[in-house]
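Two complexes are shown next, each including subunit A; its partner changes from subunit B in the first to subunit C in the second.
Take a look at the complex of A and B:
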């Protein structure tokens, strides 16, 4: 018997509609202090106030700018490393060993050392993001490169594609599903690393990012603002995942009929 | 057994299961969070949990711990259930203390006046029950091109424990007085505890200035080229209490609690007078013989050589007293800066 499929979109809406009254029910039913569980109305108005009067938009922009810059640097580095590791098996193994050692390290663990070496400025935050993005992207790129179908390689040879032409017309489309999977992991890791780094460093430049927003709400005991900041982080995280990555996936690998 | 069967079918209805689970979850969460709240009123006092922070401003509390003064005062209390368990906790900042008090994990917390006022304004129900210390404070830079607050550029970062801390409010007061804009530095603050802030200042790269308290203040000022851009007293415009003691709202009027608070006050008075004696010794430059052990034990507690502690306490500006100074000025200033509403805070303070 075929199970009736539930539309994930409807399920999502239903879930949110269940969570909201549950929040209010717990809050009112347990007569819980608004400092521990602020009413939804005050969270909403804190969010609006932050967006309209406050610097929340600037802070969101700053955070996104950091992550894009960091991810860009990491991507270039990963492609470069892929290229040099294909030059000789020794380099390939060396990169593999380094990856095994560094990939499992959460960026936040490196923070104390990064503070010592790169200080507490934007460069330190970029180092954390680059570290978080670089390893998953590289590992996936390598896996993708290894799995380029032999027929594709041969087709490329038939057309006498070599060097950059081989990379652009054969290797890139072939590894794209892997690259996208790597970027997804990288986004999740980088986003978390960025927020943690901002919360620890304090203002990095000017208004500081979303992490600083949450930190400053916390120190002023503004619980609704604190929850508003958490909401924004959740929203941006899932928007990027469900809008940006899904869109790219539909336009590319699904269209090409090669999703993993 | 018709009813049982009906109930069984009723419970098996697929739509009902998520509903029941939700109700259970709500019930579970409310009990959990309600437990966090300070609404239990135990008749007996089993434990007394006191939070302090780093630095010489907390010296009387160090004396109280090393000399066992509080243990002695509370020994008589709660005899039928055994001794009151006294727990001292040293926390990194006032935010942590406020949150621990909110979660009903602390009875007494020591902090600067502004973080306490923020807690009062958010209706946490805390009471101000004693002053503790006045202390030298200062904004220090190692950059010789900075002669005054006006020389700090928007790119110069300033380390202090956190926004809303007493250092932040003092900086805002100084900025209001000298540059007519209390918020001018708000976008260049870096939140760092005193030890980290000092380390960052010493690298001469990361932060241009550090608003700090002894002993970190003294270490910073000993560096070549160090300059104090403004002192706490200049910023405030007079003397003020640096650290005060707050009582958690979980504290009740039960006889056991009242007695414990009296005992704590007696132990604190004793510690305060011993701390003032140590200042006298320091100003004279010699330890009186009867206090030799006290000096040794307290120095060991702070991991300092007795000579170093003596030198620190000989600096002007320390005063240990239960008097509370400058409360109204802080309330008015924080109202002007938009961090609280002075009428409301005054009301809440009087209610207690």
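Take a look at the complex of A and C:
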């Protein structure tokens, strides 16, 4: 029997349409307190209010700014490390060993140390993001660099591209599929680490961001606001994942026939 | 085609006493080779005999263990755009650029660095020469194997190099396409008078393209004097096939 092709978009809509009434049914059927399971209407209005009044919008902007700044710093550091690790095999191996040690370390477990070293506040959040983004990007860049075909290397040499010119004109586009894969992992890790760090630092210093927003909703027992914050984190996460990265892939490596 | 043309007295490329390989596995041993302007030298030999190593050394992609490479009268140690390599690999055009952009890239970093105004005309001309004028905006992965090799030829000849280094460039396409590409290369070489070092394991290809045919074996080169025969003529092919050294080389290697 032939399997019926299900459009994932339709499936998504159906899934949401099933979850929403189920939520209401459980809430009303079990006469659960609105503090534990707030009505959908109040979650929706909390979301709208937060967006219209700007309190939620400001925190979204802050979180995105944190992650973009952190990712930017991490990217520059990763390219720099790739460059110095190409200088000698010893440096390359040293970087590899450091990567093996630090890559599996969740950013959030570094927090106690970061608090001691960098204090609390935005700089500590940035350190967590840089850590979460740097290692996956670096390991992918190194793997990509090693897999540049010999013909492209020799083509670059033939047109006398050496040093930074080789990196920019040959190595960067040639490793782009790997860079994108690294960024996908980095985003997933960085976004989670960011929200956790914001919740923690928000509690201490009011550093702000979506994590802090959720934390403050909890303090005020504002359950609808809490769920609204969770929805926003979910939406932004999957929008970046499924729209931004997919769009970049279609415009670059898919168009070039370079998909991994 | 120009037929029998004058071959200059001074070599454009000279390999002097080249040795390469590993201590317990020498690939090339004291090989000498001179290539003169506008001649096509074909190097034959079974795989593993060091043909590709020879090409890489001729292009300065690989440093020989002993010996020197002299190009246009100067000792050279780094690759340059006057000695361009054409590979067998159909992946040699850079995939993130269209065919046209690939040629522009070569001109921009190669011979026409300071003449951006002439890029457009040169690109059009070299695409025209290989019959790909309608494929300018295509990405390499959209080209067939034969088209990709035409594109590689367009990029190389567009730069008007003094010497082409070709590593079995038509080895991975089907027979009719190979024949088409061989005749295209003959036309291109005749028009550009480009000296060419052409590595192949296909004797008929060597007889069709080469002004001079060399066989590489463990003792160095054996020369087949193709000028005493008519290149491309069936009897010449047969005669070369019967050459005792080449036969030994083809069938008796471990």
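Definition applied: the second predicted complex is superposed on the first by the 250 of 260 C-alpha atoms of A that agree within 3 Å, B and C clash if a C-alpha of one lies under 4 Å from a C-alpha of the other, contacts with A are read in each partner's own complex, and residues count from 1 in each chain.
Operating definition for what follows: a contact is a pair of C-beta atoms (placed from the backbone, for glycine too) under 8 Å apart; a residue touches a chain by one contact, two chains touch by 3 or more.
Since this is a predicted model, take the numbers as computed values, not measurements.
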{"item": "Which of subunit B and subunit C A:176 touches, first, second, both or neither", "value": "second"}
{"item": "More subunit A residues in contact [subunit B versus subunit C]", "value": "B"}
{"item": "Subunit B versus subunit C as contact partner of A:184, first or second or both or neither", "value": "neither"}
{"item": "Partner chain(s) touched by A:131 [first = subunit B, second = subunit C, both, neither]", "value": "neither"}
{"item": "Interfacial residue positions of subunit A with respect to subunit C in the complex", "value": "149, 151-152, 154-155, 157-161, 165, 169-170, 173-174, 176, 252, 255-258"}
{"item": "Footprint of subunit B on subunit A - complex, ascending", "value": "18, 22, 25-26, 29-33, 35-37, 119-121, 201-203, 206-208, 215-216, 218-223"}
{"item": "Subunit C residues touching subunit A - in the complex, by the definition given at the top", "value": "59, 61, 78-81, 83-85, 87, 89, 91-92, 94-96, 105-106, 109-110, 139-142"}
{"item": "Interfacial residue positions of subunit B with respect to subunit A in the complex", "value": "22, 25-26, 29-31, 33-34, 36-37, 95, 98, 102, 118-119, 121-124, 157, 162-165, 187-192, 200, 203, 205-207, 339"}
